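First chain written, first letter: the chains are A, B, C, D and E, and each begins at residue 1.
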Amino acid sequence: MADILQILILGLALGGVYALMGAGLSLVFGVMRIVNLAHPSLIMMGAYVAFWGFRLYGIDPIVMLPVAMVILAATGVLLYKLVFEREAKSAKYSEMTVLLTFAFAMVFEGALATAFTNTQRVTTPDYAVDAIFIGNVFIPLGQLYAGIVSLVLIGALALYLKYSRFGYAIRATTQNREAAELLGVNVNFVGLVSFAIGLALAGAAGALVSFVFSFFPSKHWEWIAILMSLVVLGGMGSILGTVVAAYILSVVAAFVGFFFGATLSTLTFFVALFVVLLVRPQGLFGEKPELA
Amino acid sequence: MSLLTVKNVVAGYGDGPAILNGASVDVQPGKVHCIIGPNGAGKSTLLKAICGMLKIRSGEVTFKGESLKGLRPDQVLRKGICFVPQERALFPKMTVRENLRMGGFSMTDKRLLEKRIDEIEERFPILKERRDQHAGTMSGGQQQTLSMARTMILRPEIVMLDEPSLGLAPKIVQEIFDIIRVMAADGITILIVEQNALMGLRCADWGVVLDLGRTLFEGPAEEVLADPRIREAYLGAKKAA
Amino acid sequence: EIVIGASLPLTGAFSISGAKHDQGYQLCVDLINERGGINGEPVRLITSDNRSDPATAINQYERFINVDQVDAVFGTFSSRLTFPVANILARNGYVHPAPAGGALRIYTQGHQNLFYFQPNAAEYIGSSVTDMIQELIAEEDRPTTAAVVVADDFFANAVEAGLLGLQVIDPADGSVVEDMAPGYLAEAGIEVVYTEKWPEEGFNDWLNLANSVKRSGAELIIALTASAEEAVQVTRALQTVRAEPKMVYYSQGTQAEFLEGTNDASEAILVHTSWHAAAPYEGVLGGQPFSNADFVELYQERYGDFPDEDAAIPFAVCQGIEQAIIGAGSTDNAAMGEWLYARTNEDPVRTILGRFAWDERGLPVDKPFLMAQWNGGELQFVFPTDEFETSPLNHPKDGF
Amino acid sequence: MLEVKGLSKHFGGIRAVDNCSFSAEKGRITALIGPNGAGKTTAFNCISRTMTPTAGEVWLDGERIDHLRPHRITAKGLSRTFQISRNLADMTVLENVICQSKISGWRDLFKPAMSPSEIDKAMAILDFLGITRIAHEDGSNLSYGQKKLMDLAALLMSDPKIILLDEPAGGVNPTLLEEIVGHIRALNDKGMTVLIVEHNMELIMRLSHRVVVMAQGTVIADGTPEEVQKNPAVLEAYLGGALEDAA
Amino acid sequence: MMSSYDTVDQIVAARKAYNETLAQAADRTRVTWLPVLLLVILALFPLMQFVGNYNYPIHLVLYTLMYVTMASGWNILGGFTGYISLGHSVFFAVGGYFAGMILARYGVSTIIMAPVAGLVAGLLGYMIGLITLRVRGPSFIISSLALVMICRILFEKWQFVGGAAGLSLPINDLPVQWAKLPYYYAFLVMAAFGVWVAYRVKHSKFGLGLRAISKDEIKAESAGIDTRFYKVLAFAISAFMFGMAGAVWGEYLTYVRPNIFVHILYFSVWPALMCILGGKGTIAGPVVGAVLIVAFNEFFVATLGASAINILATGLIMALTLMFFPLGLIGTLARYRKLPRALNWD
């Protein structure tokens, strides 16, 4: 019983991190129909911000989190202005952006690796290797903090989208870009801001990841497929779906790992994706497609 | 004095060929204007060019003496020109009330917005009845009512409607044109594009025939309606026997 | 001018070791040039980065051979990359000095040009661990149970095969390359209570793994990783779950980066190594004696850091090739290969890793691995005790 | 002859089509009318199986077809157009049309598509509809009405026995509409069964032999145009005061 | 009333003239001499071995030809049908493993087994397609990424084929100078076959159906096209090409291993990128793309080494091309009617 509880806790702990990693991706897809394959490499960038803050000045990664968010948001603004703003007008937009962001994933990877080498890094605040023990069940502190921060950020984002004026604009743009434009929403600005928010979330996720996982620039490939699975599973563009999928799958993966071995546990995400494609192609929270 | 002047506008999609080749329209305040023309003449294109969705390559669009060229749709809207496109421009997963609220997105005064919404709901009871229903699940006619009602929230000076009667049942078509008259009576200037040309022109004060990307005829609606050339070329009347 | 090519994993999963291999090769080549080159000819080293990717490594050796027309090559790092590279070097008849490619299967393919510059094949490493336990630890203090966790990597799997007594099979024809049964742990009377293998890429759930290791209650934790990076991950996870083993042995983790990533948690962790700064080996360079101590000194002078085995092994490779060229009198690779094969324990290749002579497979004869232990932030040499001076073994380990 | 029995299609709580039965007789023009949201398009979708019906049966010439995939139904001789014209961008009108030609068996699949015989047939149809001029124009660069005609041409390419037209007149210029009406009638004269959805009452009254009226997913009236016109339920639900106008 | 026309006939005439300016038939002259000439030149190229060491150029041409095979295959699914797969390395690996194991166990050359390996890959593609082709757009792309992950892990787990350590294959016993030639000619034949298949498919009814599917699946289905079968068949054909290429590549490399063969960048993304760079849906596009990408890569390797900067540069080139040549080189040039006739192979 303690075992089961323990695995559940470990699964949930990882789930929190994946949830935040996936949330930004989902937001950007939802609003802009960009499948941002560069998202994991941007998370990596956030992780490096936190890493160097810690390494050079001893700043705690959680304290560095806002800095990472700002830097990444700025990157987002730049990227949007230079690339996606003009891309948005192209006819093959959706599939074009997949390939384009793939290219940028390579650019960021190359840039990070050139700047920081491909040496594996991890920030080492004390809590990252600490845990709270309750009887013989433990809660890893690093992941607990990461999970809490992630929930706070996702919650704030959800509230913002639901109630703020700008949130309205974002939701409206998601549902009908042209109509929003005609009602006085500067859709380009909405795109810009949501892209920046999405990337800020990547920055935040990066700061948290920096002490939960070890990382090096080319590691983002390992994250891409996992995060993408979450987004499809949750239903493309549904942030809630992504978060729920992140938690469910992390827990399932933890159990699979425990009962069937580590190798199969990494398979969980992808096999789940295929099962979902078979039984519910639109994902947990997605819209049913027109043709059955 | 005309409220909105479109003069020799040339415009097209992307870097494709010019679709409009010198279209001109004079919009008089408080009147209903109806643009007719064959399919592919560029009627929708003209409205899109006015509201800033398309780049105007040459020619002039002036609103109260100010040029609208180069403005974004949201900026044109703020000037007081509202456009309801051919495909109903609703937010399908927002409720009716949220849709109305989006209509006033560019308003800063929240209380005024709520007041206007209440007024609109008074005038169109169906919207009050369905206020919490998702717009996407309403019937075509209801959706059209909603999108037109929504434009009235801003009290714009000009409303441009692209084929408001398209695909609507005869009973609803009647209602839609009634609403247009109501809006006009409220002092809103109206510019509609209609294929249901008979009804459109009957409802209008001023008629415009757009073809080949240009304005071919322009005049009081009754005159346009009565012109035998127009009747045959555009209104489907058999060759005068 | 003698041109030598080396493709190394400067980036990617093996970047730490790869970068140090680069330093080792470079330092050696520079020292040779300072000493007047080989047979009076200056040496030029071309290195390229294969991103830890085997296909890229193959392609880069193709380029060395056909485009750069190098006179000789140095091997690359890790079994994973060495295995495919061995084929192409064999086809082109180049002497293949391997700095890191311990898996037995590399040496059982019948290549005639292969020379391993580490003590022994990976399958046999486990014996150093159990020998040490039996020689240094009193009967009642010895660990009786073990948990073995392994990266799914060519090298790590090989070490695992030795420890657990598995069959090494060539999947090509299904033949048994070597049957390691019953395995060093079984021979030493240590019961394996938990095993787990994680995939080479995409594995993140270290805590779950560490938790299972802890739950198994094993007294000896063996973590076989292919890189120092993974060793850091395992250690941090074990620390988080507060595992309480008596003894911990890793297949990787001699590097300063390991210490940096783990800090106090490194205490009393055992790692096998091919090289140690304290080993009083005498080698040759540029025709003159060149001792291990010289290497440590010159390395520090050049790079500022203290060297580790990942810099020392390639240095030895370079020494070996130098001696082969001198011995053969030219860069005729066939002659160099013959000369190297002719080495015996009495007339060996002399390097900072000690003496090398090879059997017909290309594996060194009579060279046991060294065991080292992290104590107080320092990697101490603890076993074997018969050859050189050692530090005392810190046992039992006081948990994490 | 097409027969729909007890057809239902529900979207969550919305009963778009609810236990609806009607039929289209061979060689005649049957009109399906009704207020917006009555479920006409949904019924079409269920018949041509681009949507899976919740319940009910569809029979074509004594054969049940509601379990078949759409292309099989097309192969059985039932073709349809879409209310919102679906055209294939980046393909010429000719390709759009030929794309719809029948394919029989494996070997046919790898035969050249634009064979002279196919092109001749397609051009003949385009000629019949008077749009040969745009044969090489990109399918997406057409005006609304031309798209409707192209749809009709593509429809004919598959030699259908019965065609389902969803608002062929919507958004079409009145002059062009006259042409379309002429074409539909000509087809019917050649023995083709037609089921048509339209809001243009004047056209319906002129064209159809029989009118089925739907409201809220069910059939509320069924009869000749004259009968239906007088039906008070239809007047109430659908026509309002519009009839005098059309007359 | 203002007006420029007096009678209806004038209006009708004017409209007719206006419409005629819009419609113009596309330029449909294709070129066959260039591909044939290329084929001849490439067939004779290895004779250069008599005058010097051209091993590396031969390697490069061989490498390019392999990519032509794959990119042409990818084109059938990604270019004609509009399903962007970033997971075709799976079929490359399946072909490689299948033929590799047969070579290792029974000594049958992969060159002979290549078509069989292709069929195995194609069959697997057919079955996978039945699942993944149920979704389209971004979901499909992501499912293809997941496919790569699953396949890699399964191969790593499968000890019979060597697990993570992989499978080493025997070296042929030709002299170094000629050792590459069997593979060179094998890839030459496969590349020519790939281009020919793409051409045939494009002009068949099947190809027209695929193009319809890529534009609007519902429309295609109700036009009487068995979309599910067409899509899956396209998937299988493209998988076939990858399987064949993988088979021979395994023997050429003498090493088959999950991480080499299921490599997402080299064998999934590159073929896709080549196709898109050259021009999706065109016949010459994949060929042009393959030549360009291999050349770029070689240039970077030669100037920058295979370092991180190389990745950066590749990414940048890819991004710039996508931004400025969204239809690929062939597609964009054709769009602006600047395509040299020699490159119109359609």
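What we mean here is this: a residue touches a chain if its C-beta (ideal position, glycine included) is under 8 Å from a C-beta of that chain, and two chains touch if they have at least 3 such contacts.
As the structure is a prediction and not an experimental result, all values here were calculated from the model.
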Maximum centroid distance from chain D, chain identifier (CA atoms): C
Two chains sharing the most C-beta contacts: A-E
Centre-of-Cα separation between chain C and chain B, whole angstrom: 77
Separation of chain C from chain E, taking each centre as the mean of its C-alpha atoms, in whole Å: 41
Between chain D and chain B, distance of the C-alpha-averaged centres to the nearest whole Å: 29
Where chain E touches two or more other chains at once, by residue number: 22, 149, 153, 156, 218, 221, 307-308
Residue numbers of chain A (touch at least two other chains): 113, 117-118, 217, 225, 263, 266, 290-291
Sites on chain C at which at least two other chains make contact: 10-11, 51, 152, 199, 201-202
Complex interface listing, chain E residues touching chain C: 53, 55-56, 59, 101, 104-105, 149, 152-153, 156, 159-171, 176, 179, 253-255, 257, 259-260, 263, 266, 301, 305-308
Residues of chain B touching chain E in the complex: 17, 38, 211-213, 215-219, 223-224, 227, 229, 232-233, 239
Touching residues on chain B, where the partner in the complex is chain A: 14, 51, 53, 72-74, 77-78, 82-85, 89-94, 98, 101-103, 105-106, 150
In the complex, chain A residues that touch chain B: 89, 165, 168-169, 171-172, 175-176, 178-186, 188
Residues on chain D engaged by chain B in the complex (per definition of touch): 11, 14, 34-37, 83, 142-146, 167, 170-178, 199, 201, 238-243, 245-246
